[in-house]
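Two complexes are shown next, each including chain A; its partner changes from chain B in the first to chain C in the second.
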Partner chain A sequence: MRNIFNYIDRPSPVHRLTGATKLVCLLLWSFASMLTYDTRLLALLMLLSIPLFALSKIRVRDVSFMLGFTAVFMVLNNVLVFAFSPQHGVSLYGTKHVLLSLGGSYEVTAEQLFYHLNLVLKYASSIPIVLLFVCTTNPSEFAASLNRVGVKYSVAYSVSLALRYIPDIQREYHEISQAQQARGVEMSKKQSLFKRLKSASAILIPLILSSMDRIEVISNAMELRGFGKNKKRSWYMARPFTGLDYAAMALCLALLLAALWLNHLNGGRFYNPFI
Partner chain B sequence: MNEEIIRFEHFGFQYRAQAEPTLYDIDLSVRKGEKLLICGPSGCGKSTLAHCINGLIPFSYPGESTGRLLVGGRETKEQGIFQIARTVGTVLQDPDGQFIGLTVAEDIAFALENDCVEEPALHERVAKAAGLVGVDRFLAHAPEDLSGGQKQRVSLAGILVDDVDVLLFDEPLANLDPATGKQAIELIDELQRETGAAVIIIEHRLEDVLHRHVDRVVLMGGGRILCDCPPDELLSGRLLSENGIREPLYLTALKYAGVEIRADKHPAMLTELCLTEEDKALVRAWFHSVPAAEVPPERPVQLEAESLRFAYANGHEALRELSLTVREGELTAIVGTNGAGKSTFSKLICGFETQQEGTLRFAGQDLKELSIKERADRIGYVMQNPNQMISQVMIYDEVALGLRTRGVSEEEIRPRVEETLKICGLWPFRSWPVSALSFGQKKRVTIASILVLRPQLIILDEPTAGQDYRHYTEIMEFLLELNRRGITVLMITHDMHLMLEYARRAAVFSDGRLIADADCAAVLTDAETVRRASLKETSLYLLAQRCGIDDGRAFVRRFIDYEREARGI
Partner chain C sequence: MKKSPVVTIVAIGIGAALFFVLGRFVAIPSPVPNTNISTQYGLLAFMAALFGPLAGLLIGLIGHALIDFSYGWGIWWSWVIASAVFGGLVGLVARKIRLSDGEFGKKDLLAFVLAVVLGHAVAWFAIAPVLDIVIYAEPANKVFIQGLFAGAANIVTTLIIGLLLCYAYAAAKPKKGSLKEEK
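Now for the complex of A and B:
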């Protein structure tokens, strides 16, 4: 794995959007899905992500690992909510339709099931779009995008540098740990916690020391080539906005406004079908 | 006469954290279009001089300066580091460390981006600079897809995007294999002619830089300029050897033969060297007078690799059908380009990775039966960068670590550690913290921490990387001493001198296979092997041809034997 960006280069309209557009859209979309529990909007967001995936030519198996990972979390989250707070739906929606009694306070109510449906929709409306962003955004464009949405370029560039050096540091960690194992430093889980901490330091100390050398070299190299000279900088990978970019951002803005408007109509974050 | 671009006047510098100045009374002038080589042993102040030129001093490394330093006609302390960078473009030593961008194109564009250059000029200038150094086909590549030489070309393109007057190279050959280093020197030469900039190369590998014409050599020592003259003059004097810089091998050979070296013979380049018939006769006479060294008796086999095959998880096939035999007490060099499989081979021996096919036997035992830790009791592995191995604060604890993790009692550890420290020449420092040591001494500590486990075979990855001639000789003499005590030594190296001078035998890897396994003279005089393994033909071979000696290989062999005799190896 090269870095956290699992960029898959395929020709598609989604890939053609600039990184900044995708970042703005991701933010707007996530806010929309975070701000509301309106079932109708969440369902719409979820359904919308299906044609988006098709449009961007990202296949389910490209992201199957992350999807599986989030599915496990989603199930866990639901189980825990039901275990600790089986009457949460009742208190939210104000009515109580018991479908099944499990003894004690454990009852299956229509309200609770509806709340769980909303919880599932929350995941289903937000996670696919994050994955889509990660798969269609060229990491090289990411720093430029951050800068474009107003993050200071020195901060934005540090993200880019991290992406550049993560693979190097991973490799170095691996090499150091091998050499230390040869000297008898045990890495296995059989050891006591104290011994494991000691072993970890046998790898981390050399790693930190050599990373310090690396930082000195890189900061000199950057300074010698004028990093920090001006208040602004241009970006090789930046691209101009096109009509498609504006359209995408407008659509996502509309979704966010819809969320706010629905919250207003519902008099809260929840859509209540029980009254 | 061209315009003067750099001028030092009675310049001195002292780092803030140091008690003594690093530079004293420097007077130096560089004109546009000139090519300068600055050499000197480690700690002579040559890197500090470079930092003064490109503005890292005083802007990143503060300190006190005396006298004047003008770059582009103005004092550096009155300019900022960014202004100086408009005049001086710097290529740093480590091509990997200075690669900033995620791709080649972004890295080349870096300086332009910081200058707010907009499209379409940005793309055009990047393409032009990439074309100039021949990396235009790799614009979208990530650094890990490039070789060391390509990375260096990218850094060069990164400063050529601006029209600078001075190109400053800080040890450009340090991380390159011999053939790539030769190409780098040729490229620098071409670029200078194209751009008309002044070129300053800081490097202690004199012979390799002199592969192309140099106007002046500045020799430094103890923070002062000892000599500033054309290379022919420097090479005909004694200053080089007195200051721990290795002279070109062909000159050493000529001196052994009793040939007088004078500046008017143009000793700086072998191709331009004037040799009279008498000189040639002297060389031939010397060649015939030196007896061939005895071939040592054959020892029992220690390490045996048979048809090793290994591919990494990403599908990269690092070793294909590799077989190699190492005998007890040998001192063997493993050479070859980056990616030829040298490091993978040592990882398989140590057990860090496991081969998919083939067998590895050590003293008759299949290594598969042994864990990493058990193998380490017999086979020691020393990494290239000592900072990657050292994890303890005190030298004593660092050396004792391997014994402690093996549960040896403290009473037993003490004499073993003390004995090892004595062998490694670290006894005077036994109660010091590691951080107080120099790079070369740290290297010794890492070797000591492996030796204390009493291995029979020790594998060293680039044992002399980053060392000047003096420290290099110290480390190698030390390894020889260990070898004499019966420890087998395997060295992975790019350094041709190292293999020529110290290794009995060279195993040449190329593309995951063993393409040659012979004595070093044979390897370095075989044109096909030299080409495939990205090595460089030794200048001794060319000298033999110049002097009418048909058997160049025998000449190289005699030279090596003579040198070893002289040093008592």
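Now for the complex of A and C:
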């Protein structure tokens, strides 16, 4: 219950990178995989994450639950896309190679299959890097790194506060929910949807009213200590950059530039093998 | 009474933590896959009405991004941005509501309903599907139907939970001018 963000502390080169570097790399990497639909680059991004996992000493067992969850999400999304728009690939790639006809507009075309391959690759290229980031970045360092990459420190501090109070609020939610259950409030599947909503609010109201008091207490404490007086602040968890940090950022920047260059080369976001 | 900026910062932090806990653990599954009936938007609307548009925007952004992070499926930017826009819009439209003075009358009710409906309509019928198409190149009819269902379900649950919270909060606060000098 405490380790909701799955941070795994192991000595590795990836853990030694500063939080700011990992955040910059995550952003560059996800922009690269978001911008392009070039199959070759997406495949490269997917393959590159394998040695990174090995380097960071994160084992598949550590993330198997999240991978399973994502796989279900991915399959559902693909099924939905096919059900709603079986000719999407044809309209994207401009040609039509029918492999199998299922009746009506439901045909399996080479273009559609290729589009689904790209969709799957898109997940496979961006999700491992998020998992890696979550597993190797200390949540307390995360807020400091947000400030480092240019986010205003008051906003970075909000993120830090949120991370700090998630376990507290979770515990409080649990306590209130058990107290209400003891008084006969039920939220299980046996109840109708409307009843469930009503019971949810019986838990939410005390939780949120007590959180409002919490806001007052915390902001008074911060104000008494002069929070927000200066333009800058220092962070306990901040660390200086090393050569490794610059190398990692340069690599990720190169990947983003490759994505932009390929988009230019393909005359669009799609790599089209059909013409 | 004017609120100090520190209160807003703390409200964003606690609000995002609440949004996270509700979104992560109090989601009610709906008949359509990938889509939950979520309780967190009621909270977001309430917080936005109480603390203003900036707080609403950032609670939506941070809270939703943290939920996506903890699931580990990557940040689904189009929906994160939609949540942020919803929070910001409710904060803007519901600016006139004087919840912090313990007042929530008929006019405020109307403003709140208007803010929620408008915010959800813009976020889920326009922003989320359009970004899904732009970023992920998904087919248009699929994302619009998904958005339509999510938006409609969200409007209903947000109104139920948001209004309950507003009434409970207003009742718990002493009214402005409720004390009279004895003569």
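Everything that follows uses one rule, which is that the second predicted complex is superposed on the first by the 261 of 275 C-alpha atoms of A that agree within 3 Å, B and C clash if a C-alpha of one lies under 4 Å from a C-alpha of the other, contacts with A are read in each partner's own complex, and residues count from 1 in each chain.
The criterion applied here is as follows: a residue touches a chain if its C-beta (ideal position, glycine included) is under 8 Å from a C-beta of that chain, and two chains touch if they have at least 3 such contacts.
This structure is a prediction, so every number in the text was calculated from the model and none was measured.
When the two complexes are overlaid on chain A, chain B and chain C sit side by side with no clash. Judged by the touch definition given at the top, the superposed model places A:F84 against chain C, while chain B stays out of reach. Judged by the touch definition given at the top, the superposed model places A:I169 against chain C, while chain B stays out of reach. Working from the superposition on chain A, the chain A vertex angle toward chain B and chain C, CA centres, sits at 60° in steps of 10.
Judged by the touch definition given at the top, the superposed model places A:S201 against both chain B and chain C. With both complexes superposed, C is the one of chain B and chain C in contact with more chain A residues. Of the two partner chains, chain C is the only one touched by A:V159; chain B is not. Once chain A of one complex is fitted onto chain A of the other, the partner contacts of A:D62 are absent, as it touches neither chain B nor chain C.
Judged by the touch definition given at the top, the superposed model places A:E107 against neither chain B nor chain C. Between chain B and chain C the least C-alpha distance in the superposed model amounts to 5 Å.
Residues 160-161, 163-164, 168, 201, 203, 205, 209, 214, 218-219, 222-223, 227-228 of chain A touch chain B in one complex and chain C in the other. Taken together, the chain C residues at the contact with chain A in this complex read 4-7, 9-14, 16-18, 20-22, 24-26, 28, 33-34, 37, 39, 42-43, 46, 58, 62-63, 66, 69-75, 77, 135-142, 145-146, 157, 160-161, 164-165, 168-169, 172.
Every residue of chain B that touches chain A in the complex is listed here, in rising order: 54-56, 59-60, 81-82, 85, 90, 92, 94, 96-103, 105-106, 109-119, 122-123, 126, 142-144, 158-159, 347, 350-352, 372-373, 375-376, 381, 383, 385, 387-391, 401-402, 405-406, 449-450, 453.
Within the complex formed with chain B, the residues of chain A that make contact are 2, 139-140, 160-161, 163-164, 167-168, 172, 175-176, 178-186, 201-203, 205-206, 209-210, 213-214, 217-230, 232-237. The part of chain A that touches chain C in the complex is made up of residues 4-6, 30, 34, 37, 63, 66-67, 69-70, 73, 76-77, 80-81, 83-85, 88, 92, 119, 122-123, 126-127, 130-131, 134, 154-155, 157-166, 168-170, 173, 193, 196-197, 200-201, 203-205, 207-209, 211-212, 214-216, 218-219, 222-223, 227-228, 269-270.
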